[in-house]
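Quick one: the structure is below, and I'll ask about it shortly.
Chain IDs A, B, C and D follow the sequence of writing; residue 1 opens each chain.
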Amino acid sequence: MSLTVAVSGASGYAGGEVLRLLSTHPEVTIGSITAHSNAGQRLGSLQPHLHSLADRVLEDTTAEVLAGHDVVFLALPHGASAEIAAQLPADTLVIDAGADHRLESADAWQQFYGSEHAGHWPYGLPELPGRREHLRGARRIAVPGCYPTSSLLALSPGYSAGLLQPEDVVIVAASGTSGAGKSTKPHLLGSEVMGGMSPYGVGGGHRHTPEIEQGLSWAAGESVQVSFTPTLAPMARGILTTATAKLRPGVTEAQVRQAYSDAYADEEFVHLLPEGQWPATKSVLGSNHAVLQLAVDAHAGRVIVSAAIDNLTKGTAGGAVQSMNIALGLAENAGLAHQGVTP
Amino acid sequence: MSLTVAVSGASGYAGGEVLRLLSTHPEVTIGSITAHSNAGQRLGSLQPHLHSLADRVLEDTTAEVLAGHDVVFLALPHGASAEIAAQLPADTLVIDAGADHRLESADAWQQFYGSEHAGHWPYGLPELPGRREHLRGARRIAVPGCYPTSSLLALSPGYSAGLLQPEDVVIVAASGTSGAGKSTKPHLLGSEVMGGMSPYGVGGGHRHTPEIEQGLSWAAGESVQVSFTPTLAPMARGILTTATAKLRPGVTEAQVRQAYSDAYADEEFVHLLPEGQWPATKSVLGSNHAVLQLAVDAHAGRVIVSAAIDNLTKGTAGGAVQSMNIALGLAENAGLAHQGVTP
Amino acid sequence: MSLTVAVSGASGYAGGEVLRLLSTHPEVTIGSITAHSNAGQRLGSLQPHLHSLADRVLEDTTAEVLAGHDVVFLALPHGASAEIAAQLPADTLVIDAGADHRLESADAWQQFYGSEHAGHWPYGLPELPGRREHLRGARRIAVPGCYPTSSLLALSPGYSAGLLQPEDVVIVAASGTSGAGKSTKPHLLGSEVMGGMSPYGVGGGHRHTPEIEQGLSWAAGESVQVSFTPTLAPMARGILTTATAKLRPGVTEAQVRQAYSDAYADEEFVHLLPEGQWPATKSVLGSNHAVLQLAVDAHAGRVIVSAAIDNLTKGTAGGAVQSMNIALGLAENAGLAHQGVTP
Amino acid sequence: MSLTVAVSGASGYAGGEVLRLLSTHPEVTIGSITAHSNAGQRLGSLQPHLHSLADRVLEDTTAEVLAGHDVVFLALPHGASAEIAAQLPADTLVIDAGADHRLESADAWQQFYGSEHAGHWPYGLPELPGRREHLRGARRIAVPGCYPTSSLLALSPGYSAGLLQPEDVVIVAASGTSGAGKSTKPHLLGSEVMGGMSPYGVGGGHRHTPEIEQGLSWAAGESVQVSFTPTLAPMARGILTTATAKLRPGVTEAQVRQAYSDAYADEEFVHLLPEGQWPATKSVLGSNHAVLQLAVDAHAGRVIVSAAIDNLTKGTAGGAVQSMNIALGLAENAGLAHQGVTP
């Protein structure tokens, strides 16, 4: 069997990463590769790392071009996916790496994005309780944001096990610059980012907050409240998330550790590290793996969980391919066997 | 007037930074420059950036060598300062960049360092309420740690003004690698740190926690409790601190902003940025400046303060020189007029 | 068929990269993984990126442990390979990533390494004229150095085609820090390397010079003379080589371009980029690919060739696996289908 | 005495660096600060590191605004300086950090820039033989390019002393990204530049080649011919230049070393390092210093000189301020006493 797959948004970082992974996926034939303003160009001039696809030419991102593939990946700006997805056949597997179909709540969507809510699709984070089942056989999948992926992997086992208090979660995350895409803004210039750090979107307005709260609330079975601060780190890839939540009275570090160990025991891509070893984003670079460590700060009554992912792989394209594999009944790790690229 | 100054620990990063600043200080003559295992070597071979001092030869770090100077800077490993300081004349200004004399509480010292408490010296963070007065005329000064410096600048105005709750402060900070010194540990190799981030000392055991709590408690007039997580960022210098605390009921963002604006209105080195502009560690690189921004997350009931300093300058050597200036009645900014080095 | 493979030196960067590639090689079962001082440790604690092998325990590097595998990779310090290789069966494929068996000339070995010459093995750079045939069926292979790999790919087509003068080649190369290995030397600390560049081994004494001259002389059919200067760049991986040689009288840029185009037309891993596109080390990061561009400086009578490889992949472990594939009659790209990891 | 100084192009990297240096210059009062599209903005929002000037507002770059100052710095795009300089009074010291007035040869200008030649001003590299005298009392100064600065410091002593052959100089230089300015081109994004290197402008067409040849020819007293290749390194600041030239027959390393040692013996800012110590760009970061080392490759008959500068300081703004000091009879190091900022 070989599935034909189309990839839109192929000149951007997310689209390029989808292509990187699909290029070695054993069950996949890459069909149309599309872009908007870069249509007509050679892929090799825009994504010089995709050597085996260098001579492919980018087509226009239209429903006509994308239709007729078994799978369509959408790596488009927020707001663009819903429109094009509506024109694709119902039995085509459409995987949206954008935000349009992540939130259940139309109110939250409206508040943070300001446009009409396009509806909610099965959520492509199979390690979150209950989500893998939603993905089996699905024909529409919303890929989680990169910050929510790491935040939910960091805290959901504590909530599923009933060990954490729902109020006053504090999350601070450091992301590589590729999370901001290829847009040529002055603050993203190499001269500006190398050798320094800065925060952005501080104060609750970050669009990933409702998505993190949604996932943690699913795990907790009650509404969870989060303060989330993202920062920009001088690296191209990777997210290091420091997530802290208050323990319910009497909960011990051993209980928390057991809950995490149980939650991820059968997961191929999420690893609670041995005690004493801390997550490093470099250890997952270019891979679909996530690594976690936790500690209880008894003094503060909080658990602190540190989680590292590659924002473009597990945080975007890897999660997308993993979700595709589940939806189509393929081996969940097909095309995702890469180790991290270190050093 | 020219003061003679001796600098010990001159082969390390802190000692090198003290020398960098003193080399252009208008009131200072650099006397003995000392080291331990590197004694006898040419400074230029160990600190190749100190061009005007390149041919100076490192002497041994002994009380004999250091005595006879007006000012002595100690940039020694924890535990080494107390012993040598005890042998220096009482009228010599001794400025300890190490931890030995930072904590008032012998219990806290014992718990986090495990050795006998050497006592507490005036605390070299003049922007913290009440501290500048302690420094005037002092002959013994403890330089704050780099993480406490940024954390205290970030939160003390909120506590001084009575706007923040004393429990459940959460601080996550990202530091450049120079904070770990010149020790050749594998995880500090360039191949390991470039392109990635990792946490360390998670879970309340970090030695800077009691110092941060001490300073915030001074400001609050009551005991403040902190969860602190440091992370290592792929940059040589800089600390970006994200500090959050719960607002007292009814406190507004305008009140908080006013308190910070008032607190730093007359400070030359600490800047609350205009709204909409976020701190970047690069903007203070190599300088004694600190930049802050804040936002109230009404949803979470927390203020989030972002603070950026250079860990070696305002966080160590700059704070030390500033304290020296105050102690001796010099202009507080003497030798510290540098802007940040950007890009 | 599944071949059993042993990897020695597995706690270092070269050994780790061999394991990374072999872990997804379709024809290989990874047998013993060995180290010297780290024997007995869990691989995951030393190479945290090798997730699927994390629980493997490092064995001692001895001939007893290594024997009994179909293939043995040696990633050992210079001088250590020859001794252990001599104890391995003649029909075991032994692939030496170290320098011991690279040089034909015992005199050159003696001059640059100062020890007894261990002899010369087939040279694992199949793209160099005549070398691929030497590798077929070989049971002993010397993996080229990373600098020679990029330098020879950059200049050998010009020499094979008789277009370049043999005297006065000038090569300047910038390497990532992983080329210096995991040794904890002060100048390799992150604080020292981030944000700066420096040269090393200037003046003809670099050990890679005789190996570059050897390969170019093979291509030219006469003795070629090289001035080679390596520099250290603030990146973990990658080599960018700028190689220049004097054109023979009357040679045009079109002729040179044609020669390179012909030389690499059938090579899967070496790419002469379209005119106007320049090599970037990031485009080959983590992959076995090499990218080249050239220009004739008519003014200076020189061709300038720019070549980019990943020093650990095409420059070491990838070249080693590619050579293994050739020796054993496997598909040359087995286990090497990765694209570059960009951004 | 206090001189009033105007700085144009103040929103760019060169203009920002001029302001950084002038802000601590003891003889200078900063007057108008001007920009083009950013006129009307607060300097602190564009150059957040210039803390003491943060509240200054950018004026328009016009001759009216700039006139009436004792000194005017022009940090404008190529081609813009000549026009505005022509409108400034003859007794105003005008220092052009752009290229317009660097080349003596109208033909070379025409060939590389394609526009009309604006004429040649005294060349602001006082360490080049004969140039310091041209600068004394000058009222028009052309600041050298950053690549020429490092290249000329690297090779001119060998030419002045008659030790080097004039043909076949090969120079390869690695520059930080700030050399490309603040223009938001995709290849200058942090995601693209961090962790990798690439060349650009290969093949003799680089605009700095005629300027390097001009300076070396001045030193040699005959026409010198250069092959120059610039590369882009993953750092914000710094140039590492590897310059090689053929020795005249019989010349020894000792002779070359003596020539360099003599040439720079009385220079405050240029340092031939002790044997065995190699230049590092970090050791001059943010400072006006240059460091050099050399070796003779007897095998290749070449001297290889390695030189490190900060492209924005000695390579642009520092050289500009140093030239201003000379022109006005101030201490040559006024405002330039900074050491390098390391680590």
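Please note the rule applied: contacts are C-beta pairs under 8 Å (C-beta built on N, C-alpha and C of every residue); 3 or more make two chains touch, one makes a residue touch a chain.
In this text, all values refer to a predicted model and were calculated from it rather than measured experimentally.
Ranked by how far their CA centres sit from the centre of chain A, the chains are topped by D. In this structure chain B contacts its sequence twin chain C using mostly the same residue numbers, the overlap exceeding half. Each chain gets a centre from the mean of its Cα atoms; for chain B and chain D, those two points are 35 Å apart.
Separating the CA-averaged centres of chain B and chain C is a span of 45 Å. Multi-chain contact residues, meaning those touching two or more other chains, occur in chain B at positions 13, 177-178, 189, 191-192, 194-195, 234-237, 280, 282-283, 285, 343.
Interchain contacts join each chain to each other chain, per the touch definition above.
Of all the residues in chain C, the ones that touch chain B in their complex are 13, 176-178, 180, 182, 184-186, 188-195, 234-236. Of all residues in chain B, those touching chain D in their complex are 13, 16, 20, 23-24, 42, 44-45, 47-52, 54, 177-178, 194-195, 236-237, 271, 273-274, 277, 280, 282-287, 289, 291, 337-343. Those residues of chain A that touch chain B in the complex are listed here as 168, 170, 172, 174, 191-192, 194-200, 202-204, 209, 225-227, 229, 231, 233-238, 240, 242, 244, 246, 278-283, 285, 293, 295-302, 304, 306, 308, 343.
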